[in-house]
Structure formats: structure tokens, C-alpha cells
Amino acid sequence: MSLRKWFLVVALVGIWLLGVQTEAPAAVRLVYMTAGDVNMLALGQNALGPAFSQKYPGVSLMTVHTGPGDPGSRLIFEKIAAEADSKKETWDVDVAMVHQIFLKWAEGKDLLLPYAKDLSTWKYVTSPFAKNSLGVPAEGYVMPMFHSQTALAYNPDYVKDPPKTYAELVEWVKKNPKKFGYNGIKGGMSGVAFVVGWVYWKTGKYNKYAVTGPFDSAEVASWEQAYKDLGEFNKLVTITAGNVGTLDGLNRGEIWMGPVWVDMFFTFMNEGKLDPKTRMILPEPGMPGQPMYFVVFKKATHIEEAKKFVEFVTSPEIQAKEIVTRFNWYPGIDGSHLKGAIPPEVYNKIYKDVTPADLSKKGQSLPLAQYFDAMKESYEKWIK
Amino acid sequence: MPAKRALVLTAEILLLVAVFLLIIGPMMSLFIWSVAHRWYWPSTLPQEVGFEYWKQALGMRTSLAIGSISIIPAFLLSLTIAVVVVIISMLIAIPAGYALAKYRIPFGTIIMFLFLMPNAFPQQPIFVNLLRVFTRWGLAGTVQGVILVHILVGLVFGVWITSATFRSIPNYLEEAARSVGASRLYTFFHITLPLAAPGLLASSVFVFITSLDEFTGTFFIGLPFVSTLPMTLYSSSGYNMQFASVIAIILLIPSILFMTLIQRVLRAEYVGGMG
Amino acid sequence: MPADSTARRELSLPPYLLLILPAVTFMVLMYAYPFVSSILRSFINPQGEFSFENYTKTIDLYLKDIGFTFAVTIVSTAVAAVLAILLAVYLRLRQNRISRALAALYKVPIFIPFVVVAQMMNSFLAPHGILNLALAKLNVINLENPLQLFNFYGLTFGFVWKMIPFSTLIIHGGFQMIDNSYIEAARSCGAGLGRVITRVLIPMNRSSILVALVLVYSQIVGTFTLPYMLIGGKIPTTITVDIAHRINYFRDFGVANTLGVFSYLLVLITAIYYLRSSVKKMTGYQASEV
């Protein structure tokens, strides 16, 4: 009967294509899992992959995208932990791009290869982020692929004189209720970053929480007033669903200001989802940013190729061409090595509102892992 | 009389219009976003439209916003998996549904609820554990593993709906056939099954759709080697509304096709069985 | 096949065993270990010892969310059930061009995965989304004060939108098996439409209605994408969003699994209800009381 025939045809075609799909055209297939935005997938498949294969024929790159934000990194972690747990000889995943929190989860579990110092591009990496990830020592285990920063995006038609400090923001919100939006601490890192910046501001103890430590639970107890103030602040703002919720809200004119990730800001704008006249400002004393790291796994199937891949992406040419010029992200290696490789329009575009001086003065790190957890939990505890 | 009929007819038409608006309304955003190039406030409609994202999604043009190569193979993979899942699930579910409907099985209700559990207990914590198990069994990252997961979440529809279907077939019909000498098997295939056909087919439609749309489990178990269409959708969902909308529309097609196919067969069988 | 051989055999092997064995074995093999493991994990605190710490923490932080989830699920299920029954009745009793158009139309949301529904509702229900823009054009509302739907109401609308077609399909399927003669018999006894519905159609279709109810209920409880997109970080939110939050940001499986247990308890309530209803056979119409 026609139904059966139809099924048969579909099944056959599907199986054929399945065969086609799993056939590796090159000798080595490097498995690269990336968290982060969806354009990570495109970057891997359409830009990095072909370029890498051109340089190293016989190696093809298979890019797998696990999702945005910490959840994406967590999936990679679960996958690797399961592989380690099963005591396989070699693991399916070779190299991954993850958020900082991954290092905390991987601490002490012997999952990562200390590969970074073997690379020729190690000398270009100067930022402290390469050595320390939320307080977890990471030197040698990571190479920053790019750096991202949060800032406040605002609609200049309605916000004529944007607040330059957190204190001014509080005043602004009182005069413009519900026109500021962020996502609290659930659903997106932009909201989390905002809250972290708030705590840094109210306590003034950025250095202790993010750089030196040590973790002291008495500090956590001292945050009560800061969070109570934030609770009052929340009454005058719109709570959005996440990073995208905030950007969508800005796009639809529902809110006039909100914290955003600079790279998402530019991506949305390039894709026609954000009015080109939207601006950004980095308020004092600062807001957090974070890098995304390359990690290579200890029992990866193709270790040498993985290292070559990371070296390739962190080379000044690729950093300038793909990371900065194409995607308008901040480079993972020191920017001074890219001078001259970036066209001036691009330079002006990405550094227009948030200048390199701003970044070095007001770009903060996220706090040490234990303080980070405590800040997130305190929000849930004090703000009902 | 005529006035009453006119009133009823008007009410019916209003109902149709209301339902149309309610269903099509939210879907409008899907269609509009799939062709929107630029759309930001304050305009009600996109400032710029075109089929650029469709071309990128279908691989006709390489894209820097999405890995476009993966959509057609992912689509066919999803489809193949769904078909296999339906076949296996229904093979297991129909006997089970029949047994649960016709016999007094000890702990019958508990068994029914066993199938409900993958839906009732939130999936994420479970699938993390399942990943460990599957990795040890060498099923992680394989199509077979994904098929097993789909059966796991789809079986509830198979068992519950077939069970309800069989339950509503009056026993006397089967007993009548048995009493004139028909064997159990014959009765089942020539009396019970045709009568149950609508319910069974509805059940398989749901299993199909569940498999096609399944995301969380597939995500956990399938990575890195298995890539189904919902995973591509997730990759772009929220971030790139245009792609998400295009992929969503693409996802609609096999489900609707399957349904119309089933309906056509159903109409024939229904008429045949009841005749 | 059990068939006739059972009559000949002396061993009293129940005939249904073979029928039900594959399905049950499959579930036990695939699901038992992860499920039990999850429940056990909810009793293990971050230090690795057995304790109720996760439960106290969950109640301390998430009680409101648990209540919210329960409320949304019950209300959405009830609304979907009532509307689905009414729609199914209409489709059963009327056979004209309009009803056929309606029959094709209502099925559409079934084919749209929750992930997509989440996005659609996000765009449709937003303060400056399509619904509000349309209402503003019709001068029903003012855009400065739009309908705020990223909350309980919008979430319920989303769930109901997705679940009515599903329920209607199942319930209508059940109605179709009720022979016309029953309806005509009732009518000829003088029963009006209401009586026909409540005394003939619904009671004869109880199994389908109950199935629809339970399946809808458990699907809503377990949904993540829709509440995540509509409500996300707001308070209160659903259990599924909280679970994702605990796992993704803290890798706290203790509390995540505890929340899962609460979610499972919510579904267990319907189990008890279903058990009681399926035991009572001929007495009235429990289903429509929901």
C-alpha cells in the first residue's frame, strides 16, 4: 500500500543520507564542542573549519554547539565526566570552548590537558584571566578565545543623559519606573553580571571578592543591606526572561536601558534586531566581563590536532580577522598584537562606547567561585 | 425554526473565526520573523523582508550566523529516527495497551504510571544519569541511543492512548466473535484492531511528533555525533529569531504530512472496519 | 502468542504477561536506574552525607515556585479540558462545512514543538508584541499601558493553546466511538443538549477524558521551554526553570532532584484521582468536575 511504500522510501533515503553524513572525508575528524552563542556554530563550521583544513589538509573540524551561557558549558562537562567515568581509552570530544565556571567544575577531576604553554601563541596571552578562572588556578590549561564584557545598553532617544555610575542609575530608575530591565539571576548571565556589579559597588570590596580572597562566610552575611536595597531597586524595574529577553525588550521599546553582553549587543545589531542608534555605557565602578576558554581534554582522541587548532584560532591573524572584525568581539590575546590588522571602522565601532581605557579601568572579573555561588544564592534568599 | 438555525449558524461562524484568530495569531510571529531582515521598534512590521534566512537555512548560501550545512541531513535524520521509533514503540505499546485494557493486572495502575514517569519527573536530572549509563554501554553519541530515548518518552502516549482505545471497545463484540468459533488472534486482527484503528493511529501520530520534536534527551545522549533538527532549532532559538522561525516551519511539514497520510488511511480503514 | 495454548497448558501463566513484558522491561531497564538514582541524590547533601538538607533548602527558597507550578498546571489543565470537551462535543454533533474547517484548524498546534510555541508566545504576548499592537490598533488598549502577559496568565494561555488540540483529538476520538443510536435514544427521551453531554457523551467517554487529563497535566508539569521564555528569572517561576537554574549555575543536583521529587508528587496527586475515578464505574461523571 502507498503508506508502506512511502515509509520505505523515507527510511531508505534517510539511511543512505545517514551513511553519507557519518562518512569522514578526511583522515582525522577533530571534534570541537562549543558553548556560547549560536554564531559559535557558524564560526566553527563556516569560518574556522575550512580555514583550518586549508592549513592542515587531512584534518576536518566537526563543530558541535551545546547552547548559550553556563548551561552550554555544563553540558560539555556532563559529557566529559560521563566519558571519564566510563573509563574509555579515548574520549569522543577533543577540544571545547567553555565558560569560566567549567574550570571550577573540572577542578581536581583530572579531565584537562595542560597544553597551553606548548603553543606558539602562548606568548601573546597576557591577561590575568588566562592564569586564574574565578579563583581556580588555570594556568596552562586554558587559552582565552575571546573576551566579553557587560555594559548598560540604552536608547538614546529616551535616555538623553545616561547614568554614569550605579548610584546615578538608582536615581534614574526612580524617575523612570519600569524602563530599566534585567533578568534577575535566573535565565541569563547579563542579569547575574549586573547583580555582581551591584554587590561590588555596595560593598566596595571588589579586590577581596574577585582577586585575593580568601572566602569568608562573614562577608556573605554582611551583604544583607546591599540585597535589601536591590530588592527596593527591583520594584522599579522590569524583570526580563534572560539575555535575549532584555535585548528583545530594548528592541520592542518596552524598556529603555538594560545590561547586555557587548558581543550579543553587536550580534543583534548586525542581524537587524536592534536599532542601530542604540548605545552603551559602562557605569562606575564597573561591571564584570568574562573570557571564553579553549580547553583540551586529557584523553582526547586527537591531541596534537587539538593543540594545533587552538594555536590557529589564537593566532593574531585569525583573532583579528574572525574574532574582532567579523564578530566584533574583544580578542582573547593581548590587543596590542593586533594593531594594524583591524580596519579602523571596526576598531571605532567596537570601542566607540566602551573604550579600551574603560575596559582596563572598569572591566571587572567575576568573583571567586565560592563568593560567586554565595552572591547568587543570596539573591534568592533576600529577594522574594 | 429558521431564526434559531440562523442563530446557531452565526454562532458557529463566530466560533470558527475566533478559533482561527487564536490559532493563527501567535503563528503570525513565526511567519513574519522567518522573512524579516530587519525588525525593530517602533514599526509594527519588519522594516525589511526577504528570503535570505531561508536560503541560508537550506544551505543555498553559507551563513555566518548559523551552521547551515546541518539542516537538511538533520531533518532527514529526525525523520528516520521518528519512523523507527513509531514502529518499535507501537509494536511494544499495542500489546501492552490491550493487556492493560482487557485484563485485571495486579498493580495495573502502577504500571500505567510507570510509563508516565519520564514526563512527570523533570527531564534534566534524569538525563544526566542516563548519559552516564549510556556512556558505559557505549550508546552515548549514537543514533541507537537516541532512538531508545525517544521510545522512552513516547511510550507513554503509545500505552495510555491504546489502552483507552481498547477499553472503549465493548467486550461483547469480541465475545460474540469468540462464541462463533473465532480464535483469539483472529478476533484481535479482524474485530478489535479495525475498531481500535482511529485511537491507535492517533497514538502513533503522537509518538511520531514526540520523537520529531524531542529535544532534551536527544541533546544529552546524542552529542556530539547525532544532530537532529530540534537541536539545530535550539542552537538558534531565542538568539536568532529568523532562523528559529524558519526551522520551526520546516519542522511542521513532516508532522502535518504524516497526519494527513494517517487520516487518509484512517478514513479508508474506518469505513472498511465498520462496514 | 498466548492465544489458545493457555487453555491447554496446566501452568497458570497469565496471558497478559507476554503482552505487557516488553514494554515494562524496557521502562525498567532504561528508566529505573536513573530515576532511583535521582531520588537518592535528593537525600544527599553537598558533603555527601545522607540528610534532609536539600529538602529544607528547597522549601526555604522555592516553596512559592512549587505552589505557582501547581496552580498553573491545575488551571491550565482544567481550562484545556473544559474547552476541549466542548469542542469535541461540537465536532461530534455537527457535521457541516464549518465543523470540518474547524476540525482541520484546531489540530495545528499539535505539530508545533514546545520550543517553538515558547518563542511564538514570547513574540505574541510581549508588552509591545503582536497581540498588544493589534489591540492598540483597534483602540482597545493604550500602548503605554499594555496587557502584561509575561506571568501566570500568559503562561496559562500558552499551555492551553498547545494542549487543547491534543486533548480534543483524544476526547473526540473517544466520542466518535459512541454510536449515534445512544444520542438519538437520549434525544427521543426528551434530553436537551446539556443532558446529552453530561449524561451520555461524557460518561461513555470517561476513559479518553481521563487519559487526556492525566497526559496534559504531566506534560505541563514537565515543560521547561515555555515558562523559561515567558517568565524566566521572575519570581515566581516554575519548578522546571528552578531545576535548570540549580543544575546549570551550581551543579547542585541535590536540590535539583529534590525539586524533581516535588514535581513528581504533584503528578502523583492525579494518580490518586485517576485511581479513584477508574474504580468508580457507573456512577456519574467525575471527569467534568475537574
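Note that the chains take the letters A, B and C in the order they are written out, and that residue 1 is the start of every chain.
Here is the rule we go by: contacts are C-beta pairs under 8 Å (C-beta built on N, C-alpha and C of every residue); 3 or more make two chains touch, one makes a residue touch a chain.
Since the structure is predicted, the reported quantities are computational estimates derived from the model, not experimental observations.
C-beta contact counts were set side by side for B-C and A-C; B-C has more. Taking each chain's centre as the mean of its CA atoms, A is the chain most distant from chain B.
Centroids built from CA atoms put chain C at 36 Å from chain A.
For the pair chain B and chain C, the distance between mean C-alpha positions equals 15 Å.
Among all residues of chain C, those that touch two or more other chains are 128-129, 229, 244, 247. Shown for chain A are the residues in touch with two or more other chains, namely 242, 252-253. Across the assembly, chain B contributes residues 41, 128, 234, 238, 241 that each touch 2 or more other chains. Of all residues in chain C, only 1-4, 14-16, 18-20, 22-24, 26-28, 30-31, 33-35, 37-38, 41, 90, 94, 96, 98-99, 101-102, 105-121, 123-124, 128-131, 133-134, 137, 161, 166, 169-170, 173-174, 176-177, 204-205, 207-208, 210-211, 214-215, 218-219, 221-222, 224, 229, 239-240, 243-244, 247, 253, 256-257, 259-260, 263-264, 267, 271, 274-275, 278 touch chain B in the complex they form.
In the complex of the two chains, the chain A residues touching chain C come out as 69-71, 74, 77, 101, 105, 183-188, 191-192, 239-242, 245, 248-249, 252-254, 373, 376-377, 380-381, 383-384.
If you check the complex, the residues on chain B that touch chain C are 9, 12-13, 15-16, 19-20, 22-23, 25-30, 33, 41, 44, 91-93, 95-96, 98-100, 102-103, 105, 109, 111, 113-130, 133, 148, 151-152, 155-157, 159-161, 163-165, 167-169, 183-185, 195, 198-199, 202, 205-206, 209, 212-213, 215-216, 230, 233-234, 237-238, 241, 244-245, 248, 251-252, 255-256, 259.
Taken in their complex, chain B has these residues touching chain A: 36-42, 47-48, 62-70, 73, 76-77, 79-80, 83-84, 128, 131-132, 134-136, 140-141, 143, 219-220, 223-225, 227, 234-236, 238-243, 261, 265. The part of chain C that touches chain A in the complex is made up of residues 60-61, 64, 122, 126-129, 150, 228-235, 237, 241-242, 244-245, 247-251.
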